[in-house]
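Paired with chain B in one complex and with chain C in the other, chain A is shared by the two complexes that follow.
Then we have the complex of A and B:
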């Protein structure tokens, strides 16, 4: 299974970076959201750390939806999904390969969104670096695990971006809250005891949904 | 024509209107009406929160039965994925619809209570937030059920979402508690208040069971009609 997953991951990353359109589209949307929200602040009253963290995670969530729709869109035409299954690729390998590709793409996008947060919303990391990085990794892991499961359900559907958003976003709420809390603490430098509790919650989320997605993905991907 | 015994398809698939749905709905209606007397006459007025606390007797049963509905959707979805029997799928859908209705009403009742007691329409309370997120998730679940895709695929996709959605409940609850800045003071119930609350929960159970049974019966009838239509179309195209 790992070999199939790795092959799919390499293929998707090549397509994503080679064609560029999916990644650039996600990035542009992220920048646009951050810029538009920056209009609500002025020189005298800059955006609060919590609001800036919320904008970052919201932009990341929308980027994630675009990335998954691009990744699952590659096998949409000409029965390629069935081709993958007939080639004896374990369905979980598709989930893992797509999830890994989305994780890399999302990290790339976020690496560019963070400077935009610093420029447009006047925020910067002043403390809590390891915890903020851990929060980023945990939130992205859980997000892509669940996103890769649900990304397959919108495959072949009209208005799939909105469909995936309305299913995925409410489920990701615990991760959003964790990300907002930890990033706001990192922007202000105010360390609280609660950061540890949030990180543990995110780890529990990841364990639950990575396990559930692994078990449930074949039902979505192979169903006809 | 629908009841002609010669028609095999009708004999095997047709599910008549379930009389239990009517009986349960009637019982629920009478019991909920009786509860109004208990709420406004029998139960004492709460010392701190005053008259608005009466909303509590409606809010709690709605929220509890809504959440139980979502749990039923979770169980029925898991059983559908395991066995592939359509009745589990229909039960999951019926419970989700009833759950969304009750949870939505619980949110409205909770919002009125918050406004009357704390002066705001919404408070970041863990229970209210969890109910709201469940409403969003199961609204998405019901949208999936109306998607134009092959029936088997749609049912399986919906079952997966039905399972995943319920797994999120404890995590949403804990995260809302962690996030919370203000907690509403917990209501201290005396024995009369507690009795009325449990009677209201019991009364709501009839209403809920009637709703789910009625919706299940409708889903079964809809399924039969779809099968008949497909059979008739197949027979027509074979003739041509």
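Then we have the complex of A and C:
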């Protein structure tokens, strides 16, 4: 299964980076959101750390939806989904391959969004670097685990963008809250005991999301 | 036995496709599936490919197919090809996905067999229908499968490519592979077949040798099958 997942991951990354459309769209949307929110801030007083963190995670969430729509869109049109289901490769290889490709794409996008946050919203990490990175990893892991499951659910649906957002966003709320809280703490440098508690909570959600997505994926992806 | 259908009845929702179909696919056998449009030929193929579960009855596979991921290859109405990848990349991807370890030279060799080697590094989105069909055939051949399921493989192919298709089916049979083949050109393709199955009137109307089929067709022409 791991070899097939790696094969799919390599193919998706090649298409995503080679063609660029999905990634560029996501990036432009992220930049646009950050820029628009920066216009609402007063020049004298920068956006608060919590607001900046919320804008970052909101941009990430929308980018994630675009990335999954692009990734699952590759298997539409020529019946490629059926091809992936032929043979004896477990369907979870699709979930894993797509999830891994989305994680790399999302990290690439976020690596460019963070400097935009620094420039337009005048925020930057001043402390809690390890915790902020861990928060990024945990929020993204849970996000792509669940996104890969729900991306499969919305594959082939006419209004897939809406369907994916409607189901995905409410479920990811705990991870977004954690991300906002930890990033705000990292932007201000105010150490707090609650950071650890948020990270543990996110880890628990990740475990639940990843486990449930792994188990449910074959039922969703193989359904006609 | 490579695959067998035992008293299979298939519904799509409340619509009956066919009922009580039983047949066997033996090693080295070419089974020609005939029947008018909508008779359920492609449905039967999808059952054999494991893409559908029968409403009633069972589909079983021989030992050789149960433990080999690459043993079964399916060429359906859709090509499974990624338009943004090149011909070589498509072959590589599908081979690796099925657990194969085909090298570039192996992929090139199979592209040469289907006369696509000059287009190996071109993106599939620029291919004509016939070229895409030949590349799909190359994908199937690269697998070196024991059971080939070919749903109208000649569609979009010119005369030269149809001859190549016949040669590949004969070669597969020669090495002991079984081929289940849906064709609308029975008169042309029956020479390669060892058995003919005719789906008509929601049932298996005929299942026997090409000679028996020819006798039956003379006595009672099969609508749209020949």
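Basically, the second predicted complex is superposed on the first by the 223 of 224 C-alpha atoms of A that agree within 3 Å, B and C clash if a C-alpha of one lies under 4 Å from a C-alpha of the other, contacts with A are read in each partner's own complex, and residues count from 1 in each chain.
Operating definition for what follows: a residue touches a chain if its C-beta (ideal position, glycine included) is under 8 Å from a C-beta of that chain, and two chains touch if they have at least 3 such contacts.
Keep in mind that what you see is a predicted model, and the values were worked out from it rather than measured.
**Student:** Applying the touch criterion given at the start, work out whether A:29 contacts chain B, chain C, both or neither, answering first, second, both or neither.
**Tutor:** neither
**Student:** Now for A:203: first (chain B), second (chain C), both, or neither, which partner does it touch?
**Tutor:** In the superposition, A:203 touches no partner, neither chain B nor chain C.
**Student:** In the overlaid three-chain picture, which partner chain does A:220 touch, first (chain B) or second (chain C), both, or neither?
**Tutor:** In the superposition, A:220 touches chain B alone.
**Student:** Return the chain, chain B or chain C, that is in touch with more residues of chain A.
**Tutor:** Of the two chains, more chain A residues are contacted by B.
**Student:** Check whether A:134 is in contact with chain B, with chain C, with both or with neither, and answer first, second, both or neither.
**Tutor:** neither
**Student:** Please indicate which partner A:51 is in contact with in the superposed arrangement: first for chain B, second for chain C, both, or neither.
**Tutor:** A:51: touches no partner chain.
**Student:** Once the structures are superposed on A, label A:79 by its partner contacts, choosing first (chain B), second (chain C), both or neither.
**Tutor:** second
**Student:** On the A-aligned overlay, A:153 touches which partner chain: chain B = first, chain C = second, or both, or neither?
**Tutor:** Touch status of A:153: first partner only.
**Student:** Look at A:170 in the shared chain and tell me whether it touches chain B only, chain C only, both, or neither; answer first, second, both or neither.
**Tutor:** first
**Student:** Quick one: which bits of chain A touch chain B in the complex? Just the residue numbers, please.
**Tutor:** 146, 149-150, 153, 156-157, 163, 166-167, 169-171, 173-174, 177-178, 181, 194, 197-198, 201, 204-205, 208-209, 212-213, 216, 219-220, 223-224
**Student:** Across the complex, what residues on chain A touch chain C?
**Tutor:** 3-4, 7-8, 11, 14-15, 18-19, 74, 77-80, 82-89
**Student:** What part of chain B is in contact with chain A in the complex they form?
**Tutor:** Residues in contact with chain A: 81, 133, 136-137, 139-141, 143-144, 147, 149-150, 152-153, 156-157, 159-161, 163-165, 167-168, 171-172, 174-176, 178-179.
**Student:** Where on chain C is chain A touching in the complex?
**Tutor:** 49-51, 69-70, 72, 74, 76-85, 89, 93-94, 96-99
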